[in-house]
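One chain, chain A, appears in both complexes that follow, with chain B as partner in the first and chain C in the second.
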Partner chain A sequence: MRSARGWRLAGIRSALAAIVIACLATGPALAQTTVRVSGWGGTDVAIVEELLARFVRPVVEPQGIEVVYEPIADDFPTYLFNALSAGTAPDLFYVDIFWAESLMRAGQLEPLNDYLADSSVLSADDIIPELLDAFSLDGKIYGIPKDFNTLALFFNKDLFDLAGVPYPDENDDWNTLADKLRRVSALGPDIYGLALQPEFARMGALAFATGWEPFDEQGHTNLLDPRFVEAFSWYTGLAADGTGVHPEDVGQGWGGGALVTEQVAAAIEGAWLLGFLRDAAPNLPYGAVPLPRHPGTGQRGNLIFTVAWSMNSASQVKDEAFQVLEALTSPEAQQWVLERGLALPSRAELADNPYFQQPTPEAQANRIVFLGASDGFVRPFKFLDYGGSWLDPINAAINSVILGEQDAETALAAAQEQLDLLTGR
Partner chain B sequence: MPWRWNRHVQEAVAAYLFLLPFALSLLIFFGYAFVRTVYFSFTDYNLFESPSWVGLQNYLAIIQDNRFLLALRNSIAFSVIVTLAQTALALVLAVVMNNRLRGITVFRTAYYLPSVTSSVVITLMFIWMFQRTGVMNYLITAAIVYRPVILTFLGLTLAAQVLQVLWERWRGRPAGWFEASLLFVSLVLAAAGTGALWVAGVTEPVAGVEPVRIVWLNTRRTIPEGGGWWSIPLPLAAIMMLNTWTTAPTFMLLYLAGLQDIPKELYEAAEVDGANRWQRFRYITVPMLRPVTFLVMTLGLIGTLQMFDQVAVIGSAAPLESVITLAYYIYHNAFPAGAMPRIGMASAAAVVLGLLPLIAVLIQRRVVERK
Partner chain C sequence: METVAQTAPAAGRPRPVLDPAAAARRRWARAALIYVLLLAFSLLFVGPFLFAILSSLKDNPAEWPPRLDPPQLNPANWRAAWRLGKAGGGSGLFGQFAPGAVVNFDVTYFVPEGRTPHPPEVTISRRVPGAGIGAVVPDAFAADYAIVSEVVETARKPAEGGVLVTYSFTIRHDGQGPAVDRLPLDLLVPIGQTFHSATLAPNRIERLGRVQSWNNITPGLVPYVFHNYNRVFNENYSRTTGKNLFLAWIRNSLFIAGVKVLTTVIIASMSGYALARLRFPGRNALFIFILFSMMIPGQVTFISNYLVLRDGVFGISRLFGVDTLLNTFTGLIVSGLCGGSAVFIMKQFFETLPRELEESARIDGAGPLMTYSRIVLPLARPALGAVAILTFQGAWNEFFWPLVALTAPQDKLLLTVGLLNLRRAYGAVALDWGPLLAAAIISALPIIIIFLIFQRYFVEGISFSGIKG
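Entry: the complex of A and B
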């Protein structure tokens, strides 16, 4: 008869045997490398899942690379900053142009120049240069843009027809466009020409059209520059005479929401509007044209919003992660993204893509937004590494003037005072 | 005979063993975090580079930061006003709810609902209600449009009530001005009268009224207007009301429990002595509830000084300067939009926020003890 101790030993022995067998059974899996990929949630989850399934896993899995996708539902930058600091961040992740510079300067992103030089699939020349520049610092490339957006003027054809006003077109300047919008808004007391989202993310494009720069050589911002004041006054002036409307006044939080109420004839938005229109207003007859030219400079301005895939500089599997990155931004993957109307891809060669020649309003709008990246004074949506602290005073000024709580002069003076504290004078 | 612990030691050990799990988690998640925060508050740290000692620089930086001063002002104003308001409201609610009425539990549940509902959900509904095209402005517009009708109705009710009471009194019955049965008859009469006048075209809704578009949240207006440092931003005042409404019921429960402990004999004796309702409330209920009031005020102060969620949910629906509180200031510095984390400054502000309730409670204890 075995003692109690004997039984226990036997138990341990058989447990060990089981572990050894289990290890042998899963042996090949242990040889695999896991690359963790992360981005934000929402509609992106379905897109990335499908990209991984169609274009990434078939390429990298035969080489023993397993891709794990970890979308973050909310507040992605906060998650990422924490995870990077704690050393638990994924190997590849989204980086938005708006907060990219902080991470680049903090050395958290892996410079990709050497990987690109060795790659046979992906080269820096493939990517639209304006986008690549936005993710470069001191000659180092810190992210491969996955897609981008610019602003265009989206309008509701019905309202223009109803008012007997010609549609906005690519020859419009600020004056002719304002005139068209004013005539549409004359349709009735609850009809407006333009949704005036009170943000620099809209108005800024107009400011750039005047030739205004957000920072001078010393890195100071001057809102009292006559060119900025002119753009500011044009934008907020539309509210004063009832041509434009604060989206909240038609019960909406943004320009796109205002457009689908059919009370507002036009909105300044990017291609992100298309998916929303598809769901919220499938029968709305809309068109898209480039933003109006400034009558003085004859140029347009625009903002580039873009997101890149970047690599964690502390990653243990950098070479494998780059292979995943190559597959994520491959021409086939980008073509699929474009044709599905999901986003505008970052590869320069896609400019001549037959997709853009399709006569559908969606393809046409995508073409306008695509071309917006290289037409006139175009600046990325980033403000050194000030971020929101730089935008907040300007947004507050735009908002209070559109609401009629302050006049332009007072509002701009107050905003300038805050920016002086931030950027020096 | 083996050495044995005496009873006393045994009990002590058992008590510490039971305390251990909580003490450990307290030590790890609060003690350690607190020490780290105090340390970070003396360093320049951005989460990535190792912290470098800068002495008191962070504290100097925050007191020169206008936004910190605003946050401090907002937090203190918020805390004082909301604590007082919710304590008073909770006490009144508890006294009312303590009545033995049929169906009082239904009311207790209804009044407690705001406290158990997620404050994020309530804040979202609140934002929608106070939009420029929201329910609030709609109701105000409706009140203006139907002003003649409403005034007619109120006037008729008043007239009918006065006539009825006078009639009853003339007949020698001691009718009160608010006697329920008479009031009901008056309301019915007034409704019928108003309807008749409306149909006859004597009283009509005002035509052509512009919809009211008051900006409740997205505004820089203050109460009182132009009071500078001493006036409270309108959006913050709105959050104060919201917060009072959602937290008062929790404290109502504490007061209800406290009310059960007041001996009935005291009220009976006072009644015999001829004390009226107000006197009984003022000289029995309020003093007997003082320990509960101390607890309620302390919890209220701590809770209100740390208020964060409602500001975070309101987000861009109101200007930051108008709603920022200390807790939000800390978050805003720890994770600024599009910029490097400023952990040093955030920690310094956190230390200040930690000291505030401590000071407030110490003052409060002094006041209570002196009484």
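Entry: the complex of A and C
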């Protein structure tokens, strides 16, 4: 009895002790200016931690700036929007171009023009102009792009060799490329030329090559524009004659996965494919070339996917935060990121970096993707502040036509009807 | 129809006597039906979990069509992994490629008639992982220290339509460099010559059959069979603190769940007793209020709770020199000290205890506190067990609130939120679902173990309250 009570008291005591300890185990007191930096988790955590340790802390710590890095596990935009409304958002954070515009318009991001004008390290001219434009609104710069991706045509050399077809090259236009792909797909009933991911994030690049713009001056979208219809028909038409295939028909969720099955000769992807290939198919003999030119305009189109470092407009330590931003996007930091093949950084001068001269397929593919940002009709992957609701009708149309559920005309008319509701007639 | 009439005799009529053989048949048929149904249901519920465990062992858990016999489950490969791990200079359980390693490797190809057999071209490749911390800070490469011997033909055996040719080669460590975790291998043969077998099954066949590729030919048993599990533990450490993140997440979850169990058991039993036995004004209103708190979903109150934590519970935390309780364990614990359902369970239980016990205690001169601690609490062990286990399970699996209230730093995350981090690290970048699946299985283990040991309390918890959790 006594021992049972003793145990019980000990239990209660240890519980109280645990609570007290938990109460005491809290963050350290502020000693100097702290700049909080945040982005999403995953591989980025290791990259940013390395950047902070190698390039940022050595520069800013002597000036009494402490950098605290708070990566968010996942679903970063939700976290950020919540934290901004609650006033707990970090001083510097990632902003993806896809949801940047709503933050810019809401005044949550600090315009950086004045800081850039005063800076000796970072100037607006250093950054690839297409990227900087993507984060600018009404002449104000709301973010310094840290890295980016564009689309390129990745292909499996084995299948082209087997079919005796010359590899795709940078001179291909839509017709010559379709011809090559068709000849490869003739290898067998299970072999296809191109993985047709049913998304505007792929097909949109082709639409831009025709000179089509996603929005006119009034902000309306016209999918029935003959130029858009031409791109749409070319892309979905590849499925109709068996040259292209929906990735799900080869048991995969995306173009990169389809490429790895060795049943599909080519896929339109960005440099994100390279990390996947390293693990999933380290011996795949792949090449990358720019997307084909439109036969009429003679131009390529492309989409820019990019992420910037932006500053919280409510930050209490803006000048210090900008110093951290300078160090994060310094030439040395960006070169380090590039040379490890981690991402394609945003400084224009890096186009001449020796990394791109290496003969490895990975460096060459990265070079093609890097150059894609400044070649032809390039638009950021951003649709005013509509985001996914603008993309969904178009994606649904592409998907249904590739699957043969609808013809192009019906699908586009339905999508246009939905976009009319969204963007106005 | 007839059977119904037979088993449910009308009143007044004599019950028809059944032929014993028919009765036995029917009994057996009924038992068989019950067993088939139970088996079907348990398969339905356990099947996905077993399949997840199976998939977590595979190189590519998302493979299609899924194989039920991955090489990781083949005992021949276990023996090979053990032997090769030792040959590589590590132990049989955990292999490596260390100075002094002499790794003999055999591979057999099928060569169709009329073709000349070609020895494979052996490459030890420099592979950088596509995702995770290894992509940023690569380890040493075995390729820099490996010396590959000449490839020699060691056997030739006729087979249907051709011959089976076996080649052997040896990979040595040059003795200068460090011990390396992995020894990747690629073999290239001309098209038409097909892979038949090898000392260890390859991880993938590439280039239309021409390339056989191994991630690591000196794995040792554990990294071979539990490849993804091994990666979860090895590849997740914090660059700044050097701490193993996955272990830290498990520790955090255990700590929070443990503290919550303690606080809940204490608070729920005391308040449950008070509500069940003590008479005081507003008792019913209070109980209804507690019930009401159970009916509000967390999503409704999380914004105000978040703001309360942000301001340190109305500034109280400032007394301890802390500005905010966001991103602290304290905040997480304070916001989940005790749930209404635990109070409810305890109250319901105390009401079933015979009053006479407490009355006799009172006659002996015990006050409410003494009665509670000496008489009631020892009797309440079943209910306390149920509350403790349900609380532990709830706290261990809790996801939404920790995701909101504890977002940084990385080594303070709870396991559920950490899993989300793995999804981002492996799944979103390289569509490499293995480590995530392995981590999810690990996170399910404590609950399964607790369930197996304390099944009784789970069931009691449900019978006390009529609800779960």
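Here, the second predicted complex is superposed on the first by the 394 of 425 C-alpha atoms of A that agree within 3 Å, B and C clash if a C-alpha of one lies under 4 Å from a C-alpha of the other, contacts with A are read in each partner's own complex, and residues count from 1 in each chain.
One rule holds in what follows: a contact is a pair of C-beta atoms (placed from the backbone, for glycine too) under 8 Å apart; a residue touches a chain by one contact, two chains touch by 3 or more.
These figures come from a predicted structure and were not determined experimentally.
Undergrad: Scan A:413 for contacts with chain B and chain C and give back first, second, both or neither.
TA: A:413 sits against neither chain B nor chain C.
Undergrad: For A:224, select first, second, both or neither according to whether it touches chain B, chain C, the two together, or no partner.
TA: A:224: touches no partner chain.
Undergrad: Quick one: is A:99 in contact with chain B, with chain C, with both, or with neither? Answer first, second, both or neither.
TA: A:99: touches chain B, not chain C.
Undergrad: Please indicate which partner A:283 is in contact with in the superposed arrangement: first for chain B, second for chain C, both, or neither.
TA: Touch partner of A:283: chain C, not chain B.
Undergrad: After the superposition on A, what does A:351 contact: first (chain B), second (chain C), both or neither?
TA: After superposing on A, A:351 lies clear of both chain B and chain C.
Undergrad: With the two complexes superposed on chain A, say which partner A:70 touches: chain B (first), chain C (second), both, or neither.
TA: Only chain C is touched by A:70; chain B is not.
Undergrad: Tell me which of chain B and chain C touches more residues of chain A.
TA: Touched residues of chain A are more numerous for C.
Undergrad: Using the touch definition from the top, say if A:251 reaches chain B (first), chain C (second), both or neither.
TA: A:251 contacts both chain B and chain C.
Undergrad: Where on chain A do the contacts from chain B and from chain C line up?
TA: Residues 82, 251, which sit in both footprints.
Undergrad: In the complex of these two chains, what residues of chain A are touching chain C?
TA: 4-5, 8, 11-12, 14-15, 18-19, 22-27, 29, 38, 40-43, 45-47, 49-50, 52-53, 68-75, 79, 82, 86-88, 158, 162, 251, 253-254, 256-257, 262, 272, 274-285, 340-342
Undergrad: Please give the residue numbers of chain B that touch chain A in the complex, ascending.
TA: 46-49, 66, 131-133, 213, 215, 218-221, 319-321, 335-341
Undergrad: Mind pulling up the chain A residues that touch chain B in the complex?
TA: 77-78, 81-82, 84-85, 98-99, 102, 105-108, 246, 248-251, 382-383, 385-389, 391-392, 396, 399-400, 403, 405-406, 421
Undergrad: For a test of understanding, state which residues of chain C touch chain A in their complex under the given definition.
TA: 60, 64-65, 125, 127-133, 135-137, 184, 186, 188, 204, 206-208, 211, 213, 238-240, 258-259, 262-263, 266, 306-307, 310, 317, 320-322, 324-330, 333, 373-374, 377-378, 403-404, 407-410, 413, 417-418, 420-421, 423-426, 428-432
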